[in-house]
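Notes for the one structure printed next.
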Amino acid sequence: MGQPITTNPWLIALINMSVVFGVLGALGLVIGAIRMIDPTQKKTAKVESKVEAPATAPVAAVAVQSNDDVIAVIAAAIASYGYSFSQIACIRRVSGGEGWAQAARVEAVTVRNQMF
Amino acid sequence: MGQPITTNPWLIALINMSVVFGVLGALGLVIGAIRMIDPTQKKTAKVESKVEAPATAPVAAVAVQSNDDVIAVIAAAIASYGYSFSQIACIRRVSGGEGWAQAARVEAVTVRNQMF
Amino acid sequence: MGQPITTNPWLIALINMSVVFGVLGALGLVIGAIRMIDPTQKKTAKVESKVEAPATAPVAAVAVQSNDDVIAVIAAAIASYGYSFSQIACIRRVSGGEGWAQAARVEAVTVRNQMF
Amino acid sequence: MDAFVVALQAVWSDSGFTAFTMGNAIMMLVGIILLYMAIGKGFEPLLLTPIAFGCILANFPKTGFETDPGVMQVILYGIHHEIFPPLIFLGVGAMTDFGPLIANPKTLLLGAAAQAGVFVALIGAMLLGFTVQEAGAIGIIGGADGPTAIYLAVKLAPNLLGAIAVAAYSYMSLVPLIQPPIMHLFTTKKEREVVMEQLRPVSKFEKLVFPVAVTIVVSLLLPPVTALMGMLMLGNLFRESGVTDRLSDTSQNALINIVTIFLATGTGLTMKAESFLTYQTILIICLGLVAFAAGTVAGVLFGKIMYIATGGKVNPLIGSAGVSAVPMAARVSQVVGQKANPSNFLLMHAMGPNVAGVIGTAVAAGTMLAMLK
Amino acid sequence: MDAFVVALQAVWSDSGFTAFTMGNAIMMLVGIILLYMAIGKGFEPLLLTPIAFGCILANFPKTGFETDPGVMQVILYGIHHEIFPPLIFLGVGAMTDFGPLIANPKTLLLGAAAQAGVFVALIGAMLLGFTVQEAGAIGIIGGADGPTAIYLAVKLAPNLLGAIAVAAYSYMSLVPLIQPPIMHLFTTKKEREVVMEQLRPVSKFEKLVFPVAVTIVVSLLLPPVTALMGMLMLGNLFRESGVTDRLSDTSQNALINIVTIFLATGTGLTMKAESFLTYQTILIICLGLVAFAAGTVAGVLFGKIMYIATGGKVNPLIGSAGVSAVPMAARVSQVVGQKANPSNFLLMHAMGPNVAGVIGTAVAAGTMLAMLK
Amino acid sequence: MDAFVVALQAVWSDSGFTAFTMGNAIMMLVGIILLYMAIGKGFEPLLLTPIAFGCILANFPKTGFETDPGVMQVILYGIHHEIFPPLIFLGVGAMTDFGPLIANPKTLLLGAAAQAGVFVALIGAMLLGFTVQEAGAIGIIGGADGPTAIYLAVKLAPNLLGAIAVAAYSYMSLVPLIQPPIMHLFTTKKEREVVMEQLRPVSKFEKLVFPVAVTIVVSLLLPPVTALMGMLMLGNLFRESGVTDRLSDTSQNALINIVTIFLATGTGLTMKAESFLTYQTILIICLGLVAFAAGTVAGVLFGKIMYIATGGKVNPLIGSAGVSAVPMAARVSQVVGQKANPSNFLLMHAMGPNVAGVIGTAVAAGTMLAMLK
């Protein structure tokens, strides 16, 4: 190394964006490949959709009628399940029959703390 | 540096005590200056005295009649509030109407663990 | 050092096993000596056997009749004592009058986590 | 009495006052302003508080931090030899859930598109007279990834480390202010209202193989970022394995906190008046803003392309999350999306490009190291 | 366009692909298999997961881990200078209860007997052509004590570190498979059914004096293992003192976890294709199994001697626990004993030889260092 | 058989027994006595336990701790280059509430007055023949602040480190025995009965500006203690900011505990027979007691001056808390005051001079470094 390959900024940008798209595109293919070779995929697809939704349900989606008292009651009930309030993304009204589907969608974001 | 400025112990002591008193005196002036420029000072004085006292009250000041049984009961009650015993500085009789004032004075010392 | 004392494997093994048995044997004598000079030994022997057994008892040995419901009740009761379930080695039937003795024997193994 | 005065004068002449410069005073003011931003305004306080305090410490004369052995020299050693960023990434990996990315791998392209900000800033920096290495280090501010920015800055332009770190962390915390107007400008209401399909569940097998596979692909192609990507993915493996909770917990708590204190204080220690109070610093601050804005634009525009390509199934608002700034940028997508359509929940969809942006920035950094060093 | 292709080729030629060897590929497969063993099968996952990942990282070409300053070089420094094993032992000491050993000091002899495995492997290794130092380092696998094995391997045969560490941790987690058949083979049902007397209570005084006394005896006789034994016993003193809980907690949590990450990743980093993919590695794996089996046999046989000498009061099954592998080997004794006699509780009795085996292995390592270095 | 005996003799001649001296034996006894004080009597167990154990370890011959690379050499490096005390102070700052001092800044003068003990000991040490640097290091024992004492001793008189550290921590834990008689001797019952006015509430603004302002004033005037004061105040800023709880928690738990283990064990490692078993050590122990007593006297006397100057509003008992030894000295003031008047609560008032004493001792150390190094 030692010497820059080029000092033309447009060329650097072009090559870099090519590499970034190339590598991330390749990773997309890799993810597809992982899914294809996944020996647990078949049953997972069925089992998880049945098991996971109810698991997150009591936390994320609770029917509420915009009533502070009710929210307080729910909060207490949830707390008794061992969830801290910071883990609860929102408490909202569930309309119609798509309850579980939405529940999964709102799933509490525990993804990475707010650190970096 | 390298060479000591002086090796006369009396002079060293004198200069040092002068510097120590000088610096700590200067810090005293700095504290006064901080208080003067404090933009939150006005409201703080009022709000905190009202809010903080009750907050510490249930921990620090509980009426007791020098009776071991009563202390045990109180200890249990306090514990049920979620305070560990090590946070409780003392449990003592409160006389007259100056309860809150004294409460603040006895304020549980959480200042620095007993480490250094 | 630098140079090996010997490169004869049989001799190395012989000396090493001698040293290992020698040192560990010596440590056995040291343990005996510690026990002899132990100023707390007399009372310990009596007090501990009385105090320790009941202390571990509620955790380790609880009379159960192979009934899942009962185990659940006990688990809840134990949990209310502040023990996490992972600390409980087993819940088993206690027969006869040797309850405490067995209790001590089954004593929950908190010895070293499963790390190394 | 004479001796007393003489000795006292000697103490004074050895004090920092005699060597104190106007530059030092200004830098202390900068440090105090950064402290105000961190503590008073809540801008990335975990990083900016020790950076600001380190900046103040760096500007006391005669402390010997750089020449005498001691804790500050150890910290500076760790800064100058990129020891801390990979350890930060170990903890970040243990905190990151790549599930949303695995569920929707097309979002990787959004994470790639948002790197355009990096190269807009790079081109701008070179036009403004920076060397190619400096321009690369400045550009990476647009990646919105603190540890990667510090890692690259130390390798390519250590003299600019302080300004780059401050710009990166400041703009990362300003994401909720910078992005929404841009997102409105480049999207129609109809696009913002798009409700996306629920993500498929991701199996544990996928979550376990993913970090290993990414490490292999990226490290083979770009050896200079192996330490960074390897640690990120090792932390993620600790998280997902289910049998190394002890290591995962320590990585994302005690270890990352200790390293953060050292990294941030040490970054502040590089902000001495003579190297920070330059015309270049102002340019870097401006270029950083350009980089963030350009990255957001590129992400949203690529989102629009995906909106069209998928026949309206992708909400272009998730494109802006590709700049990284995890998880703020994803939250901004969620908030803007929900304002357009209250029943719209983009958060999990935006986490895909968001974590893809972390990988994308590391790849960009690796490419620049391969080309420029 | 020409310039673009030329520059892209330059990036490619600087990538790891151009220097990637079949050996590297095989080692990555080894790493992936180790990951599967660690995560999929639960073999010592806290150690094997980072070892396996380090092995993968080590086999990317051109990362410069060994030549360029950085976090990997710091970790490798710690590996090559035995900095981590004593710190691991500090935490191990804080986790270890020597009570069962103090209550029944005769079990020390079982911990001594099980070291025979070390020397069976040593003799075997020398017959197979290893140097005397290499043979000593290989033999210590039979001690079933990870930190001691790494400590000795670094001092006597650093080139074999990876293979020795992998063998040691793999067999340690295989103890529940390796030991039971051997235990059945060498004991009669009557012996296995022996119910041992309850252990006497141990006073706090004994638990406090024990670590200090052991440190003095072992360190005076074998100075080369003072760092190891001293840290083990300092940790135990933190545990037993009752007034240093802060230090005990940190030793067995934050500190040991951080050091484990560094130690295990660093051990993996030594597993480069050129040093690992040799005929020697296969021999070491085989010799390790021999060492474990021989240690178990020796422990059980010595247990039989104690059974006879005490007139049937000692259950020979606790002898196998002398190989260390705390606490798995003791659990194996418990399980096998309870299968023979459901009212048999050998766990606490087996903890005595189990922790004695840790001391015994350290003593064996010290003797070898005194003789061979 | 001959070969066996010869080899066994070689092992023996390489053992520590052959080089073991009476001095080593005495130092081990010293270590055991210190362990008894720490664990049996509860004298600063978190520091004295590892110091005592380190002292035992240091006196095994042929361990090579000082010459061979390894964990002990790393620890000793940290000791010899003052790396640990500033990190301890980071945690101490995160544990310290400067509120009582800010509420009553006049108590700063009590923290200054109590430093007189430092200089009484310094003068005494020079009269007894110590060099001026050694005398300065010995004097700082009177500051009753462990990390500062170690910091200064390493810089001015590393050969005396062990004795100074042991004296400082021993007397710090003896404060409840040393101070009360002195406090009684120099105060009247009427003075001890004084009930002080309630402290005013301190705003968050004041608590935030205070650490920054103190750092600037002290570091500018005394650059040699910038590392110490800077880390103390950075830790305090973590505590008070309200947005850096992660860093505050880690500073006062995992990090300070890890560093304490290293600092204290390393301090013990410097206590080798040849440097500790001297006439000087006995003098240092005596001078330390003088320093503590003189500091207490000076604090109480200055308290009396304030009692007079304020027309009886200040209880002179809080003056003794100025020696530092946080928070024991403040508790002693509380206990002695309450004995004189059961409705007297001096604890919070005594915390002011108590934490002021920490700053005062650091200033005294800085002045000595400026003058003597």
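The letters A, B, C, D, E and F name the chains in turn, as written, and every chain counts its residues from 1.
Here, a residue touches a chain if its C-beta (ideal position, glycine included) is under 8 Å from a C-beta of that chain, and two chains touch if they have at least 3 such contacts.
What you see is a predicted model; the values in this text were computed from it and never measured.
Q: Between chain B and chain F, which partner chains are common?
A: A chain counts here if it touches both chain B and chain F, which gives D.
Q: Quick one: which chain's Cα centre is the longest way from chain A's?
A: That would be chain F.
Q: List the interface residue numbers of chain D and of chain E, divide the shared ones by all numbers used, and answer same when the ratio is over half, different when under half.
A: different
Q: How many angstrom lie between the centres of chain D and chain F, each centre taken as the mean Cα position?
A: Distance between chain centres, rounded to whole Å: 40 Å.
Q: With chain centres defined as C-alpha means, what is the inter-centre distance between chain B and chain C in Å?
A: 45
Q: Nearest whole angstrom, what separates the Cα centre of chain B from the Cα centre of chain E?
A: 50
Q: Where in chain E do residues touch two or more other chains at once?
A: Expected reply: 7, 10-11, 14, 46, 221-222, 246, 253-254, 260, 367, 370-371.
Q: Mark out which residues of chain A touch at least two other chains, giving numbers and ranges.
A: Within chain A, residues 1, 5-6, 15, 19, 115 contact more than one other chain.
Q: Pull out all the chain pairs that touch, please.
A: Pairs satisfying the touch definition: A-D, A-E, B-D, B-F, C-E, C-F, D-E, D-F, E-F.
Q: For a test of understanding, state which residues of chain C touch chain F in their complex under the given definition.
A: For chain C paired with chain F, touching residues are 1, 5-6, 8, 11, 14-15, 18-19.
Q: How about chain A: which of its residues touch chain D in the complex?
A: Those in contact with chain D are residues 1-2, 4-7, 9-10, 12-13, 15-17, 19-21, 23-28, 30-32, 34-35, 38-41, 44-45, 48-49, 52, 89, 101-102, 104-107, 109-116.
Q: Quick check on the complex: what are the chain D residues that touch chain B?
A: Spelled out, the residues of chain D in touch with chain B are 3-4, 7-8, 10-11, 14.
Q: Show me the residue ranges of chain F that touch chain E in the complex, using the header's touch definition.
A: 7, 10-11, 14-17, 20, 28, 32, 35, 38-39, 42, 45-46, 49-50, 53, 56-57, 60-65, 69-74, 253-254, 257-258, 260-261, 265
Q: Would you mind writing out the residues of chain D in touch with chain A in their complex?
A: Touch residues, chain D against chain A: 46-47, 88, 91-92, 95-97, 100-102, 105-106, 108-109, 111-113, 115-116, 118-120, 122-123, 126-127, 132-133, 135-136, 145-147, 198-201, 203-206, 209-210, 213-214, 217-218, 221-222, 252, 256, 260, 326-328, 330, 345, 347-348, 351, 355-356, 359-360, 363-364, 367-368, 370-373.
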